[in-house]
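Lettered A, B, C and D in written order, each chain numbered from 1.
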Amino acid sequence: MLKKYIQKSLKTKEILLMTHIVVGYPSLDASMKIVEEMVKAGVDLIELQIPFSEPMADGPVILKANQKSLELGTTVKGCFEFAQNVSSRFDIPFLFMTYYNILYKYGVQSFVEDMVKVGIKGAIIPDLPPEEGLEYEEAMKSNNLCPIYIFSPTTTDERMRYISSCGKGFIYCMARKGVTGKTTQFSNELDEYFEKCRKNTSLPLAVGFGVKEKADIDYLKGKADIAVIGSQTIRLVDEKGIEAVGDFIKGL
Amino acid sequence: MLKKYIQKSLKTKEILLMTHIVVGYPSLDASMKIVEEMVKAGVDLIELQIPFSEPMADGPVILKANQKSLELGTTVKGCFEFAQNVSSRFDIPFLFMTYYNILYKYGVQSFVEDMVKVGIKGAIIPDLPPEEGLEYEEAMKSNNLCPIYIFSPTTTDERMRYISSCGKGFIYCMARKGVTGKTTQFSNELDEYFEKCRKNTSLPLAVGFGVKEKADIDYLKGKADIAVIGSQTIRLVDEKGIEAVGDFIKGL
Amino acid sequence: MSNDRGYYGEFGGAFIPEILVATFDELIRQFRKVKDDPSFWQTYSDLMSNYSCRPTPLTFAENLTRHFGGAKIYIKREDLNHTGAHKANNVMGQGLLVQRMGKTRVIAETGAGQHGVATATMAAKFGFECTIYMGEVDVKRQRPNVFWMEQMGATVIPVTDGTRILKDAINEAFRDWVTNMDNTHYVLGTACGPHPFPEMVSFFQSIIGKEARQQILELEGKLPTRVFACVGGGSNAMGLFSGFPDNSVECVGVEAAGYGLHTGQHASRLCSPDATVGVAQGYKTYFLQNDDGQMKETHSIAAGLDYIGVSPILSRMHQKGEARFESATDKEVIDAVKLTMKKEGIIPALESAHAFAGAFREAAELSSDDIIIINQSGRGDKDIFTIADAFGDPKWREFIKEKALDYK
Amino acid sequence: MSNDRGYYGEFGGAFIPEILVATFDELIRQFRKVKDDPSFWQTYSDLMSNYSCRPTPLTFAENLTRHFGGAKIYIKREDLNHTGAHKANNVMGQGLLVQRMGKTRVIAETGAGQHGVATATMAAKFGFECTIYMGEVDVKRQRPNVFWMEQMGATVIPVTDGTRILKDAINEAFRDWVTNMDNTHYVLGTACGPHPFPEMVSFFQSIIGKEARQQILELEGKLPTRVFACVGGGSNAMGLFSGFPDNSVECVGVEAAGYGLHTGQHASRLCSPDATVGVAQGYKTYFLQNDDGQMKETHSIAAGLDYIGVSPILSRMHQKGEARFESATDKEVIDAVKLTMKKEGIIPALESAHAFAGAFREAAELSSDDIIIINQSGRGDKDIFTIADAFGDPKWREFIKEKALDYK
């Protein structure tokens, strides 16, 4: 159903926008306000990151947000409550983003069932390659949720097809190597990579890692279905406060 | 002739007294005054120590005196001048005490000849065993000077006889192991040792190392021909000044 | 030993970001090649005997044996390795692999600093660029090691995130790797992390057990009753234990009990009930974590044991009862260092001293027919600042204060 | 090699106080016995391989060789000995002798602290009481070594007389010995002092040259062109040189040039005109002394080379042209340490680095058919305070200042 939502939305928009927050950063209240701003500004999907103490794939901005949120006492249960709250108030799909240990400790089956209960549509688990994710994949699919898997610039064609067969909803394409939050040069050099991604999956493509301004998104139009803004909104909140988020997104 | 002097003196005294100074300590002038006090108080022989930077066989008191004297600029030449001075002014035998390097660097032959010139009668070189001292022994003997060698509590009978055959004037008996300036228990336990010394040489016996009060000297009477006071007078000068030396010696 | 994805029972695996999959595929391929090539082991052990001093001795601790009046105590002397710890074995082995893979840069995490020094040393020798990640707390407690790493040409980056110790350094190293894997190899320092690291590091460290087995058979004509190793990530323990797969030999791993298991301030994953199975830093094992799966702060006087996870291979051995796990408190460790210095003239690293403390507890209960081997994974010189503090040496304090005045 | 009284040409001898004659007689007798007993060498070399890690490797320094583009450079790795220097060889050998003589206490002088640590270690292992004399200046520059000696159970006595360095510590040790020779052996640390020390220490250190000769023949099938060793008292040099008595091998000893030979602030006895023949500390050799025969102050960045005298055996070799003597300044030494760390991942002790500096000066002029061996007498860890100061490392200074604040 995520796929359908995306395809439907793409009929009226050239490209969709997915944003990201770390639940509980800079506070639980602030998280709620940020989501509100984002939705009002027209965002199409939102990733809710459940903070983890060892966010290996995240760069400094999101890493610090994870830590701060945990220091303030954010719990997994709190994140589910938050998810329930936003998914009932706002009419766009929300996804969880987190690391596998959060699911593992919770119990993968229960975690997925509770996702359903709180209205979350899918999940992105960057440290869970499909080979390790059989239990998760099955639980997600049998609950009609979308396990979002990742393509990277080093992924082979064959492996893309394999990953695509495990995923549902859309594929998350890393625009470059590295961790979140660093700059990416969006230029024609990437064309080939996106063509390769497209060729190897029938799922919609979300492109993230380093997307941070209008030019980036303009470049992605026609190549990707979803542009993902991650660290940039956190940086914005840090520097200019929550109020700046809406305008920033409208400007994209 | 040293032997003769000793034997003659022993006719009027139960035991002779040999004292010791470090030339140039606490100053050259003071050294002169100390010698004067000593002679006036009736001392029979005096050792003039030429200071050396590495006085391996000396304990802390004499070691520091050596260092201080050198710091004040005492030279070997200065010590010869000093020797000339005292031997012309005072009518008792003076001996040099020093380490072998002082002779070696000066040239053993010249050193001995200059000893004759300044009126020194013999020398004690604690780091020169007779085996290493052939050149020295010959030079001394052919110049009618006395090479004073040492017996120690660890010396065997056989070796005592050998040492005795190399020495002249008298034999210096260490009353105990160790370096100069520590306390010795002069008790009957030492009787055997002194008898052994006596048995193995026909030279007069001087006993030193730890002799510091009347009781020590009384004990030595009849066992030794000469009692040697070393560190104790230096200690006295350090603590009570030069003036105290005369009375101290008279009291012995 | 492990299946294709590096599982030991339920433990292990490779929970890696997609971007690293190709890198790991290549690493596994190369590692398989060298592991199956007997000439590689020859190259490796030649390097270790020409550059480090392998075989390291197995020293009979005559005085300690007499002191406890029980088992005969032998010490495997990994402290005599170049750079002063068993870490050299792993690092030189990976260095040869890096050469084969044609990479030009290495990165590593370090806790005690030993692995960092070893990696910086290897990089100097092989001519690789080198960056070392080290928790800020560890930078402080192991400054001499930082100094040497830098002098050897490595860049040392203090990690100021998280708890600022070993685990955080590992995260940072991974962040570097996902960016620079084209020319960079991550020289993981212990038998943890995603497959093939546990297997690969254990493979290189198995040189310890191979030698020890041969040595004890030559010296005593029989196998030991028990072998002891400290357990941080588990590499020196794996190295020793792998030489004694026999049922008759009991393998004992000694973890850090810090201020005491009951205080919660420790780093005991296998012998305390505080740890549970989880997935972090790319592999599944016992972790010191809370119910949400967030990692806890750990504590040990030994920086090299101050870690949340443990080798999946050891977790499996624990589960199957193939090894026993004990712990030693900071205090017991200091006492063990003191005793070993006074009796044998040997200074164990604080990490290694956990193995000594564990063995000392049991030596007396064994008979003179029994033999125990303690793995001295490293030398204690590196710990002078920590040991001097633990001993409260007033002259050392004076010395440092005077030095500081010179620097005013 | 020497005659009965330990003369090498005009050098050597035994200028000892009468009280020590019997002690020396007994020592010579025991030493002759063990020297002539082939089973003793076996016992000794077994001890060294079980407790230390002999044979130490002969490491091919590939990167340094390439860097200079001349002779092939090999490094004899005495740094890998237990306690980190060649001093262990001598000390363990004398330990066995002490055992045979039935004495229960050992004393020693130490400059760099290496010989003190080695002796304290040996004493712990053999169960002897132990007192170490160390010049106050050296206590300051080698505090970590003092700490370890004390922890090993030794009493360290700072010598405050004279120039407060190595020579003064030797004097103090003799003063102790003449008092306590009944139960005490003086473990002299280098190939100096009265007979039989030069011969005895060289005998134990000859294990270095024996191994190196065999190793280079195995590795290269031929002898080296030149072998380099630093020269303090001369024990590591004697150890290496004794393995290569061949005319075709040039032995090069490198002394400490301190601030430069022309400044007078150095410790070069054989390669500078500042030294003359004299007799002190019980033996005859070249000494840095004035015309009166008073010893001069010496200077070297390396505490272990900061000494007025030199082995009488080396003086003889110098006189007969059997060895060549060069020197290296403090600055050249620091540069050599830096280069060796960066190129090979090896940290030479400041003493050893003199040999490196000397060899580096000559490597390029030789051809790739030539081989040189550098004796790395010790590891540089012990010198961290001196090296960090010489390098002017600001982070190290900050660290020390912070530590000092903790101690307020």
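As a working rule, contacts are C-beta pairs under 8 Å (C-beta built on N, C-alpha and C of every residue); 3 or more make two chains touch, one makes a residue touch a chain.
The structure presented is a predicted model; accordingly, all values stated were derived computationally and were not measured.
Ranking every chain by how far its Cα centroid lies from the centroid of chain D, the top place goes to A.
The geometric centre of chain A is 97 Å away from that of chain B, both derived from CA atoms. Taking the mean of the C-alpha atoms as each chain's centre, chain B and chain D sit 37 Å apart. Averaging C-alpha coordinates per chain places the centre of chain B 66 Å away from that of chain C. Shared interface positions of chain B, defined as residues touching 2 or more other chains, are absent.
Multi-chain contact residues of chain D, defined as those touching 2 or more other chains: none present. Contact topology of the protein chains: linear, an open path with no closing contact. Here, these are the chain pairs in contact: A-C, B-D, C-D.
The touching residues of chain C, when paired with chain D in their complex, are 49-53, 56-60, 63, 77, 80, 82-84, 120-125, 127, 140, 143-144, 146-148, 150-153, 338, 341-347, 381-382, 384-385, 387-388, 391, 393, 395-397, 399-405, 407. On the chain C side of its complex with chain A, the touching residues are 5, 13-23, 161-162, 167, 171, 174-175, 178-181, 276-282, 284, 287, 289, 291-295.
For chain B in complex with chain D, the residues that touch the partner chain are 52-57, 59-60, 63-64, 67, 70, 75-76, 99-102, 104-106, 126-129, 131-132, 149-156, 159, 163, 174, 177-179, 182.
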